[in-house]
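Below, chain A partners chain B and then partners chain C, in two separate complexes.
Up next is the complex of A and B:
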């Protein structure tokens, strides 16, 4: 039962990340392979505050969210200035740079060994130590994220974002503020990723760079592509399906040495298959 | 002396990455596809050559065999992935995602077949050291310099002096006009990716002679190459090559002031400077 709970908790954390990636890739329409870097920054900020004891969980989470909002807006700004293809370079560059920082800046991140012993999350001094309590907390967090995404998408603001993706010039000609709409979408995506990072770090109680590398970003992108772009259902289906797949892989007898590459191989095959045969994903709109 | 040695090392590796940049730029300028899977083709080249050598194939034949394998892979990606997507009028974003998927498939197949650890790629003459007035150059470095420059000059000659090269440049400059004058852009796209894949195999074999083979080792060279292409200006093969050399030389010189783990930061800083001040690159065509 605990095993199933931990699957649910992780899937709910990844729902927040799926929402974050969906906002950038699905809604604004920019190719991003650096959302795991933002996720990682959130995780390391919360861990550092909790390990040093300077802030308790909720304030640390708030700081992480603000930092990730700023970071994500900065990362996305180049996409507003240059064509989409150049942003591919920005995105790859940021991700590789972030991995280098996570691995080599031993003072703040523990380097390749990671940060062990991150304390469990607490709410106003009441620690959430049991799996069920954490599940309750992640359910509320993911639920709030979904609510925010749903409200934003059904509001005029959501239609504005979709219109920008379809025809940016026409939207600008209609007198809408394209820059502000894109920056605020990036900010929302940053907040989701930052909060997800903080919750992930406190639930796992150990983080290292391998959770926030290029492969992790590819996984997030696969979740959006498989789940489906721009819909709430897609952002929820993607993480739940993709986190269940490795369990299925375990049923097939694959030697452990190739298990990691088999998993990434599967993500690659899914990316290609959905891009060619089903660009709307399982429950979304066409990318 | 250390400065000079780093400078020379930078120029040698820079020439190899220059070939990656030129081959990528040729594909990008012609097809407008940001061919991320090119990193996988680059990686596969090294592994194929390694396998052929392990089976006792002579060195020049192993290189040619690896190039043939890369050509087939590149043409297959165009024919079975990009072309169907274009027929379905897929968005640019979907093509990028498919290309990333292809890269993931290639890298992880390599990791599953060989191993995800670094594989030593040693040839006796490649690790032999030649000393030139205090400068130390390995055989691998000399071969890299010679073959990379030859590949670069060959690409320039091909693009400007041959009929097929002119056809490619015609398609690149105006696909619509090329279509109605029966230059058949689609056939040209397959040819371009095939040629670029054969060429990128050369640095794909030579660079690992120094650094060893790694299934995920193609991403960083490709990132450097794309930054060089953008800094040089899309459409300028010479610009892409020149900037690849400049970037790698700066990376190497940065070793004087900071450890090598941070060299990705130097590369990325150059990109940010160009994005801020000259996003079209220095020698952009048109």
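Up next is the complex of A and C:
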């Protein structure tokens, strides 16, 4: 049962990341391949605060959210100058840079060895030590994230973001402030990713750069493509389906030495297959 | 005394091409002014300058006596000038109504904090905005297509929708880039009647148009641009009667 709970917890954390990526890539059309870097910054900030005992969980999570809002806005700024393919290259570079920092800044991140012993999350002094308690917490967090995404999408704000994805120039000609809308979307996506990072670190109790590398960013994009762009359902379905796959792979007798690469291979094949045969994903729209 | 819209001394060079060459003209309030001239005369470029999409090398634009130099497009819309595009630039994955809603002046719920923390207020105000947008659609005769995605509308309907989106901005000076091009006779008459009606409702129109029949029927005043410069202006009859202009316009093809 704990095994199933742990799948649900991870899937719910990735729902927050799926919402973040879907908002940026699916809704606004800012094709970021560095969302895992923002996720990582959130995770490291919360871990560092908890390990040093400077802040408790919720304040640390708030700091991480604010830091990731600022970071994501900064990372997205190039998209206001360079568009399309060029931004993907820029974003790719940012992801590689982040991985290099995570791996080499041993003082803050523990380097390649990672940070072990991150304390479990606590709410106002009550530590959530049992898996079921953490599941309750992640369910509430993912639920709030979904609510926020749903409210944003059905408001004039969501309509404006969708219009920006289609034709920025026409939105400006209609008298709208494109810059402000894009920056606010990046901020919202950053908050989601930062919170997801903090929750992830405290649940796993160990983090290292491999959770926040380019593979992880591509996994997030795959979740959006497989789940479906621009819809709430797509942002939920994608993480649940993709995180179930490794569990299913374990049922097949694959030697553990190749399991990780088999998983990456499967993700890659899925990404291509969906992009070609079902671009609207399982429950969404065309990216 | 100053003109309603006054463009003076505008120069714009793109590499080796002098797109606008000391371009200047004035238009009066309340009329339909047609801008004609051969391809490459600078018609769309001057639209881009007036609406803030292009900052010219030199020159000024003034609207109601107020200089617009250096303002961003959204500030120019707020000042009361809005434009349409020759290639429509509609949001084809959104519905007709949603396209018009984007054109309406910004309201509550268009920034994330309002949308997230006051959802009921947002929804209530958005219902009012939807009713307003619906009126604009009725205005151009597209009310029955409101819920249709734009990619499913005919070309003529899409052209009318660009006018509805333009009207939604509330701007009083409308710049239309070839609103009648590519339309069959029926749709053409519909668009011309609509432009006339807008004029009757107090809008001022500056229209880029190639079709001389359309120009004759709707224009109060005609500006003839050639090589980025205002070459002539006058009534439609005066412009069409001038053999030198016909020679430039039709390139001796007649």
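Methods note: the second predicted complex is superposed on the first by the 287 of 287 C-alpha atoms of A that agree within 3 Å, B and C clash if a C-alpha of one lies under 4 Å from a C-alpha of the other, contacts with A are read in each partner's own complex, and residues count from 1 in each chain.
We adopt the following convention: a contact is a pair of C-beta atoms (placed from the backbone, for glycine too) under 8 Å apart; a residue touches a chain by one contact, two chains touch by 3 or more.
Because the structure is a prediction, the values reported are computed rather than measured.
> Which of the two partners, first being chain B and second being chain C, lies in contact with A:112: first, second, both, or neither?
neither
> Quick one: classify A:58 as touching chain B (first), chain C (second), both or neither.
neither
> Just to be sure I read the superposition right, which of the two partners does A:31 touch: chain B = first, chain C = second, or both, or neither?
In the superposition, A:31 touches chain B alone.
> Give one of first, second, both or neither to describe whether A:249 is in contact with chain B, with chain C, with both, or with none.
A:249 sits against neither chain B nor chain C.
> According to the stated criteria, A:74 is in contact with first (chain B), second (chain C), both, or neither; which is it?
neither
> Counting only touches as set out at the top, which of chain B and chain C does A:140 meet: first, second, both, neither?
So A:140 meets neither chain B nor chain C here.
> Per the overlay, which chain contacts more chain A residues, chain B or chain C?
Counting residues of chain A touched by each partner, the higher count goes to B.
> Which residues form the common part of the chain A surface touched by chain B and by chain C?
none
> Residue numbers of chain A touching chain C in their complex, please.
My answer: residues 148, 151-152, 154-160, 162-163, 166-167, 169-177, 180-181, 184-185, 187-188, 285.
> Which stretch or stretches of chain B touch chain A in the complex?
28, 34, 36, 81, 84-85, 88, 90-98, 100-105, 107-109, 111-112, 115-116, 215-216, 219-220, 223, 226-227, 230, 259, 261-262, 264-265, 267-268, 271, 275, 279
> Spell out the residues on chain C that touch chain A in their complex, using ranges where they run on.
For chain C paired with chain A, touching residues are 51, 53, 72-74, 77-78, 82-85, 89-94, 98-99, 101-103, 105-112, 114-116, 119, 122-123, 126, 129, 165, 168-169.
> Which bits of chain A are touching chain B when the two form their complex?
25, 29-31, 33, 78, 81-82, 84-86, 88-90, 92-94, 96-97, 100, 103-104, 214, 218, 221, 225, 257-258, 260-262, 264-265, 267-272, 275-276, 279, 286-287
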